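So that you can tell them apart, the chains are marked A, B and C in the order they are listed, and the count of residues begins at 1 in each.
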Amino acid sequence: MDYFLELFFGGLTRGSIYALIALGYTMVYGIIELINFAHGEIYMIGAFTALIVSSVLAFAGLSGLSVLFLAAAAAIVYSAAHGFTVEKIGYKPLRQAPRLSPLISAIGMSIFLQNYVMLAQTSDFLPFPSLLPDLPFLSDLEIGIGSTEAIILMTTAVSMVLLTLLIKFTKMGKAMRATAQDRNMAMLVGVDVNRTISYTFIIGSTLAAIGGVLIASHIGRINFYIGFIAGIKAFTAAVLGGIGSIPGAVLGALVLGWTESFATGYVSSDYEDVFAFLLLVIILIVRPSGLLGRSTAQKV
Amino acid sequence: MIVKSSARVFVSWVIGVGLIFVITGFAAAADTIKLGVAGAHSGDLASYGLPTKRAAELVVKEFNAKGGVLGKKVEILAEDDVCKPEVATNTATRLVSGGAHVVLGHICSGATKTALGIYKDAGIIAMSSSATNPELTQSGKYPNFFRTIASDDAQARLDAGFAMDVLKVKKIAVLHDKGDYGKGLAEYARSFIEASNKAKVVLFEGITPGAVDYSAVVNKIKQSGAEAVIYGGYHPEASSIVIQMRKKRMNTYFISDDGVKDDTFIKVAGKAAEGVYASGPKDTTKNPLAIAAIAAHKKAYNADPGAFFLNGYAAAQALLTAIQKAKSTKYADVAKALRTEPVDTPLGRIKFDKNGDAIGVGFSMYQVKNGVYVETSTAASDPAAPKKKR
Amino acid sequence: MTAIAQIRQSLIVALWFMFLTFPILVIRVNTIENIIEWRWVNMLYAGAGSFLGSFAWRYLLERKSRAAGKDGGPVRTAEATAAEAKPWWRRLREERQYRYPALSVLAVVATIFPFLPFTSTYQINIVTNALLYVMLGLGLNIVVGLAGLLHLGYVAFYAVGAYSYALLHYHFGIGFWTALPLGALLATLFGILLGFPVLRLRGDYLAIVTLGFAEITRLVLENWNEFSFGPSGIAGIPRPGLFGLEMDLHGATIYFYFLMIALCLLTIFVVNRLQNSRIGRAWVALREDETACEAMGVNATAAKLTAFALGSTWAGLAGVVFAAKTTFVNPASFTFLESAMILSIVVLGGMGSILGVILGAFILILTPEYLRAFSEYRMLLFGLIMVMMMIFRPQGIVKGERRIYEFHRKPEDRE
């Protein structure tokens, strides 16, 4: 049973990280129907910024929680700024273009950002300081959850709640939902669509930055390529849950995390990704628009 | 409007490409000894390719300062293959077309295999600093191939033997990163353990490189009751696994390969790295040539050299010295010089056997003690011994 | 905009980019050595670069919108394009007095290219590579460009073709010419196999399922050692022979070049015939509106399935050629990035246009090769070029043209 619990919590942790990234995908998709391939890179930039800032602060003699908060804040600011800029340059001029053009632009952006970070920083793996505080009482409880895992879970949960509140109750959230439903109609009733889209990118990037800082301190190393793999997984999670649906992204991410964890634990990690993708295929065949996606009636 | 702009896009592309073509075409016209350097210089494996490129640059600078080779300046033709076989064919033909006399590369075994056919047809010798696939030298299919690193099976034998004979463990988990290098090594290790009957492989698994965490695999190791883990792969994943193992308070032995015998591993894994075993090339850092090479790198790049730097340095030296001693750049002459004339390199005094493996380049076992890798005296290996058995 | 406003805006952009690139570009930390390096000069470059770049950016965007304005909104309607003077590629394609001379010039250039004094083995090799991607692009064009099914896993069929040849040769010693149809056949079967479950899916769900299938294929090849020799791959695949003739590297490369030209001509011929056939028109209808298309009596299931199967056939062919060309296969060649590259060829060239896909393949495959002069910066530039091309030519280099059937009354019918 202990083994099961350990795998369960491992999957939960993994899933909640996927969720933080998947939310960015799903929000952007919901609002402009674009698979934003550069989103994984935003997460990577978040992690890099946190690493750089925390090292500079550590050099300046700071330590403890203040480093964590300052580094995380910088990561959020810079990720959001990158997300905003990427949208303005890469996608905004393509609002009226054929559907696949922004997708190719996104792939180009992703290649560009990866190489930009590689050239400006390094192609090596860099150790990432464990910024998260240690909570020794958790490991004493022997329930198979370590302190980083616990912090990741809590942070993810808090972010989800805040995001839900933001989308449900603020004016900007309302504008987002309106734009997602029908961009032209939203424009007609006075929603500033461009601004709403920018906000969507900023919020998505913020979540990615949080994910970046958490995962980097969890696994203790980063390089310029981490965004790509995490991005593909998060995108899978978003589709699994029903792309465009926010609770769907979270559910999809958790299901994906658990699938991988249990597949590794009970079968073999050789085929962990095979199981993840097979699950995706099977779920989509049974429910063609994902777990929580609405199956929209086709407009004729 | 469309007519003009699309025509213009195309025309300007053609002109741009033409210009670059002309510039690069003219640049390669001078009479020099051309040392091709091929490997991953960009992309996710760049960190394994760039140190060799830098080593080549430093060696060439040194040779040119002494007046070059055969009275000519040495010139580097560096080409990127991103460690992909299909790109490696382009890289190789480009080096052949560019008139490379010898090639230092490639970095990854797969790309090396693809490129070697092309070099063979063109009569060019290639020497790798890091392609460890045993087939490259032992199959006899690649007579033009040399390397300054020992092959995977020698290393796997050392790792497995160390676990069974020195640590005396009975249950071993063998992990790998699903890569060419890691999986090959892990499979050799498994077959050695199974053949010896001294221990049992309780777990044989591939992990996904770059995955967000490895807690499931670590749990599985714990569950399997393994007393030692043999890991085939590179340091980034190894450090994650070790950190998570120690976080779960497991004190299983962790034995790995020269992909992990890298100071970065210790820095990344921190305290968790203590006690980790890793096999690596025999310690040559006390070799004055190695000290000088590392110092030169520090001076030029203000950083410690990366993976395979000394191997790359030795390979570049061996190639250029062989040309010098053979007084020719012809295939047969250079090959003969490589096989007969020993050369002093940071790896020691080396020459090459008939398969192309460097004689005198072997592995020993290291352990992390107080944040540095220390050679363990119990397990000095003779790389020639296992090969005779084959 | 006045000059001062222009400058002010560029200044704001420059400041923004200086802020944006600050941590990544200016500070370099080495957490291993605990050294921090400050590279303030980079900030200057970023500022100056973005200051100048923003002028060019605005100028180009303005020009683009002016061009669009002339056509009466974004170039979409067939009337708007038809009203204009015929684009150069249409003139070349449709008017005989241009078409035949142009084709013959092209044929002559293609024939003498490998024998020109300044073409090295390398040049021929990369052009052959580009031709391989022409084949792949045209194959994917059937699925994406014509039938409008977003396919992100095309590389799986490419892998099927490559491994068919590699394994058939390894186990049974089958030669290139036998493996070519067999590889295509296996890829087609695989395509039908994949086609069945995905028929219900639309749009991006289809995209992710195809991506998933491609990843599964690659992972199986990577892990199932007994079958595929795992990540170390299969080496020593022979190049195609020519009546048992021994060829040196240069000769073999030239032979391969002509082989690729022949295969490309075959592909172009077949795709061209398909495009204007009954099934081709069904695909286009499917792309434009699935529901309406079904209402008009087109069997959407059959149309999707044939699109998948035919697209896979070409990938299989290309795969066999790939294996023979590199003489080595391993799963690392068949990653998602490869699918993305082929898709980019189709979209960048112009979806549904044969000429466009050919140009797209040449540009995307040759650009990184010629950018080798910029060594480390080449992939950076490549990404940038991809973004810029899409922004300034979103429909691709050559816009896909639909054959238009017009009804002309005979003069004597007039009353």
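Simple rule for what comes next: a contact is a pair of C-beta atoms (placed from the backbone, for glycine too) under 8 Å apart; a residue touches a chain by one contact, two chains touch by 3 or more.
Treat the numbers as computed from the prediction; the structure is a model and nothing was measured.
With every chain reduced to the mean of its CA atoms, the largest distance from chain C is reached by B.
The central chain here, found by comparing per-chain C-alpha centres with the mean of all protein C-alpha atoms, is C. Separating the centre of chain A from that of chain B, both taken as means of CA atoms, is a distance of 35 Å. Here the CA centre of chain B is 33 Å from the CA centre of chain C.
Centres computed as Cα averages put chain A at a distance of 29 Å from chain C. Counting only residues that touch two or more partner chains, chain B has 42, 178, 206, 264, 267.
Residues of chain A in contact with at least two other chains: 115, 122, 126-127, 270, 273. Contact of a single residue of chain C with at least two other chains is seen at positions 30-32, 223, 376, 379.
Put simply, chain C touches chain B in their complex at residues 30-33, 35, 67, 70-71, 75, 81, 84-89, 118, 120-123, 125-126, 129, 222-223, 225, 230-233, 235-236, 248-249, 252-253, 322, 325-330, 332-333, 359, 363, 366-367, 369-373, 375-376, 378-379, 389, 392-393, 397-399. Across the complex, chain A meets chain C through its residues 29, 33, 35, 37, 45, 48-49, 51-53, 55-56, 59, 74, 78, 81-82, 85, 89-90, 93-94, 96-98, 100-105, 107-117, 119-122, 126-129, 232, 235-236, 239, 243, 270-271, 273-274, 277-278, 280-281, 284-285, 288-290, 298, 300. Residues 16, 19-21, 23-25, 27-32, 34, 36, 42, 61, 64, 74, 144, 150, 197-198, 200-202, 204-205, 207-209, 211-213, 215-216, 219-220, 223, 289-292, 336, 340, 343-344, 347-348, 351, 376-377, 379-380, 382-387, 390-391, 394-395 of chain C touch chain A in their complex. Those residues of chain B that touch chain A in the shared complex are 42, 44, 46-47, 50, 178, 205-208, 210-217, 219-220, 223, 235-236, 239-240, 243, 247-249, 264, 267-270, 306. The residues of chain A lying in touch with chain B in their complex are 3, 6-7, 9-11, 13-14, 17-18, 115, 118, 122-127, 139, 146, 148-149, 215, 218-221, 223, 225-226, 228-230, 233, 260-262, 264-265, 268-270, 272-273.
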